[in-house]
Amino acid sequence: MTRVCTVALLLFLAIFAAGPVSAQQAEAIKIGVIQPLSGPVAASGNYVRMGAEIARDWINSRGGVLGRQVQLLIEDNKSDPKEAATAAEKLIVRDKVPVIMGAWGSSMTLAAMPKLEEYGVPMVVETSSAASITKRGNPWVFRISPPSEMEALGLEKYLKNFGIKQADFLAVNTDWGRGAASAFGDLLKRSGASVGATEFMDQAATDMNAQITKIKAGSGDTLFVTTSVEQITLVLKQAQDQRLSRKVITTGGSSSPSQLIKQAGPAAEGTYHILFFLPWFPEAMPDGKLAKAFVDEWTKRGHPFEGLTEGFRGHDGILTAAEAIKLAGKPDPKAVREALWNVNVMGVNGPIKFEKDGPAGKESGQSKPSIFIVQIKDGKIALPAFAAKK
Amino acid sequence: MDQLLQHLLNGLLLGATYSLLGIGLTLVFGLMNVVNFAHGEFYTLGAYAAFAALVGLSVSFFLAIPLAIVVGAAAGALCERCLLRPLRGESIDTIMLVMIGLWIAMQNAELLGWGGVAKSVLTPFPAQPVVLGRVSVSPLRIFVFVVSGLLILAAHLLLARTKLGRAMRATFQDRETAALMGVSIERIHTITFAFGAGLAAAAGALLGPVFLLYPSMGDLAALKAFSVVILGGLGNFVGAALGGLVLGVAEEMGAGYVSSGYRDAVGFIIIVGVLLLRPSGLFVRAERVG
Amino acid sequence: MRWLALGALLAVTATAPAWVWNPYHLHTLIMAGIFAVLALSLNLLLGYTGQLSLGHAGFFGIGAYATGLLTVKLEWSPWLGLAAATALPAAAGWVIGRLALKLRGAYFVLLTISFGGVTSLVSVNWMDLTNGPLGLPGVPPVEIALPGLPVVSLRSKGAYYYLVLVAVVAAYLLCLALIRSRIGRALIALRENETLAESVGINGTHYLVLAALISAGMAGFAGGLYAHYTRFVSPEVFLFGYTVTMLIMVVAGGKGTLAGPIVGAVIFTVLPEALRALTSWQWQMLVYGIVLIAVLFFMPRGIVPTLHERWRRT
């Protein structure tokens, strides 16, 4: 008993009395990155990471920020909110980063948000779509991705072209899927269409036949699907098995149409996709040159083309963070937060500028990203006729 | 009515996949008493092995499946020799934890090696569904259904009718007597575990093309496998097969007529119901369990 | 000598916030403490009754949601929330225990898996109650408000550390008292040989239900502590991964002992954080898995029992 205690004591002291083990490279400016790098959405998290690394390398090749090189400290949130919060804590306290980019999924971002307020460090949110993120009155949150409501508005101008009378929804059972189903549902109702069935699937589910059978039995003419590309592939294939023949529109920007063509083949023919980046038509983006350069660099590094539709988020997030540090003049979290309100840059998606969102006095920042629609026609990506011009 | 028929068909096909997952585990869990949390990882290994054979070695689809089984069985044998044999005699919980460690290690090795992006397997079957009256089904799934049935039958026959099968059953029923009768206990343990792993790999090779391949594909599969095994009776092949079908149909009906969000809950409730009414499993002669 | 060592250990842990001045490390300690309570609760079932509960995250989650919902939606005091976080899961534990009237071994395991699965699905789908996948942000911190004295908010890390430390000590003492009592002796008798125990008049089911009740209540309390610390509750608290983590802590630490789960909790909370610092993200979980296998390979009975044996022999 004595020995166990002694060992326990020594172990305890050894671990916790150790001072901050901060391996300091002389001058680097550190930006924290929290993404799901393992677990079910590891692919997406890694794409964002790859985009972030391209941004870092470009910035450094142009001389860095404030004359110093940018270093990315990358943490894995393992698709678990608890891990996201711990990663944020570690980045802020141990590594003393002035700004973080993260955390991909909405629950991960929401879990990390109290830490931002506790320590006073801003975070650039690059993917999460839950409305509550910018409405909770957390002045340290700055989002460059669109909440589902904004995405639905982006579709509004094309609604007439689709001629939807009754739509069904099939969404992943997370904040993202539910938020999209509700936001797009509201949009349709406002425009005079009706909503048929709203079905959900578990994030890890592989068999959606039951939901498809139910939807097929209804009288909808359009199916909205919100989930990651893997599940969209399965939904399309299983819909083909059941001979479901109606318009399909995917939302959320994670549909990676190139991957769909490869993996779902003819089942993906004719489907529409709402995206925030058009790697097949970079010239159609607000800054065509930047978009093309990004696509070229991504391809040069041997990254899968399918990842571009998500990878750009990493690039734009780091671009925003670096710009804020530059405007602040020093890598101090509070100064960076002030500076974020003044950021006005052109990212791969388009212009990034924050507007106030949320309760007065404690607003978060929300940018208005560009939204696009593509269609898979004859096994290739095409801009639908009505969306051909920018 | 069409909807009901389609649901029923969906349920049977889904159930066949569950049965396939269960038969590999029922041996290892039912006979060897090893809580094999790494079962899902042998499943994943089989899927990736088939993928590698198809893409890397340009082997035909029908050859990739037996290749995957061999890889799975070999991995299982290795695992038994190096991890389980030295720990023979330790408590069931310790073995379970070692399997958990193996699960974590294998899955993350796969993530490291293959990357997180899902992969799809091209099959020689047409994508157009087969139409049977008012319901339709893809030819690939019919193939999987048939092969699963054959595998289950083969495994059952091996265990019930062959000398090896008798040796296996004897070993796990009464070790000492089996040893006295000349059975090599060590070899039987290795063979049994390899057998279970091989069946898991077969499931992976067959189901990979139906769904998609990604490193965490085994997690859900393992959970269903455990449910099916206990439903059908530990060590009972036919029970696992039928249990899988029951679970598949129940889930499908639940998702179709109750709620898609609570789909898995229906499965769980059925399981609880079965356990309370027939604790030793649906398809076993009633035995004292409590 | 023995009391000196124990006293030193207590002194060190009691004064930790003073000299562990890196808040990130203190955060790790707090999480270790919460998991220690969880591990002790699982140990009660696994180590002392021999029944494996693979749905323990369900009790943890119910506790977290109980206090989260009551303090956020009904604005109850967090202390009442914590009480509910203990009582509700305990009630669930009682139900599970009674359902296990006919079930032991693998069948009990499947029952607990189903319980864990159903609670997880309810938390995701019953949007009106739990807010579904969006979770419950804004869970208030715990406060001590005694009449006449100023309110002491346990929002700061140091303060919360003490709350968790008290919880761990209380859980340990509760388990100790339980084991040493008649109830404990009955549980151990049942674990060793149920038929024999029943033949001398020990009602197996009655004691199993009691153990399940206490174990569930303790796990729920840990869930409440978690909710008030992270101040955000989402369906991920029901993740099977939490049950696996608890299992690892109990078995690798040493099931059937009382120090085992605590040691396991500390080691397996610190290990992932240490790996975060030492290796890049690609290797973290792979190394974790290998370390786990190695620990069990060389210390199959768990760390504490093995160390105990080694030192008893020298």
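Here the chain labels run A, B and C in written order, and each chain numbers its own residues starting at 1.
Criterion: a residue touches a chain if its C-beta (ideal position, glycine included) is under 8 Å from a C-beta of that chain, and two chains touch if they have at least 3 such contacts.
Here the structure is a predicted model, which means the values were calculated and not measured.
Because contacts link each chain to all the remaining chains, their graph is best described as complete.
The chain with its Cα centre farthest from the Cα centre of chain B is A.
Centre-to-centre, using mean CA coordinates, chain B is 32 Å away from chain C. Between chain A and chain B, the centres computed from C-alpha atoms are 35 Å apart.
Shared contact sites, meaning residues of chain B that touch two or more other chains, fall at 108, 261, 264.
Counting partners per residue, chain A has 37-38, 173, 200 as the residues that reach two or more other chains.
Shown for chain C are the residues that touch two or more other chains, namely 124-125, 282, 285.
Note for the complex: chain C touches chain B at residues 46, 52, 99, 101-107, 109-111, 113-115, 117-118, 121-122, 124-125, 240, 244, 247-248, 251-252, 255, 282-283, 285-286, 288-293, 296-297, 300-302. Chain B contributes residues 29, 83, 86-87, 90-91, 93-94, 96-98, 100-109, 112, 223, 226-227, 230, 234, 259, 261-262, 264-265, 268-269, 271-272, 275-276, 279-280, 289-290 to its touches with chain C in the complex. On chain C, the positions that touch chain A within their shared complex are 1-2, 5-6, 8-9, 12-13, 16, 19-20, 22-25, 27-29, 31, 124-125, 127, 132-135, 137-138, 230-232, 234, 236, 239, 241, 259, 263, 266, 270, 273-274, 276-277, 280-282, 284-285, 304, 307-308, 311.
Every residue of chain A that touches chain B in the complex is listed here, in rising order: 37-43, 45-46, 173, 199-202, 204-207, 209-211, 213-214, 216-217, 229-230, 233-234, 237, 240-243, 259, 262-263, 265-267, 304, 306-307. Against chain A, the residues of chain B that register as touching in their complex are 2-3, 6-7, 10, 13-14, 17, 108, 111, 115-118, 120, 127-129, 131, 136-138, 141, 211-212, 214-217, 219-220, 251-252, 254-256, 260-261, 263-264.
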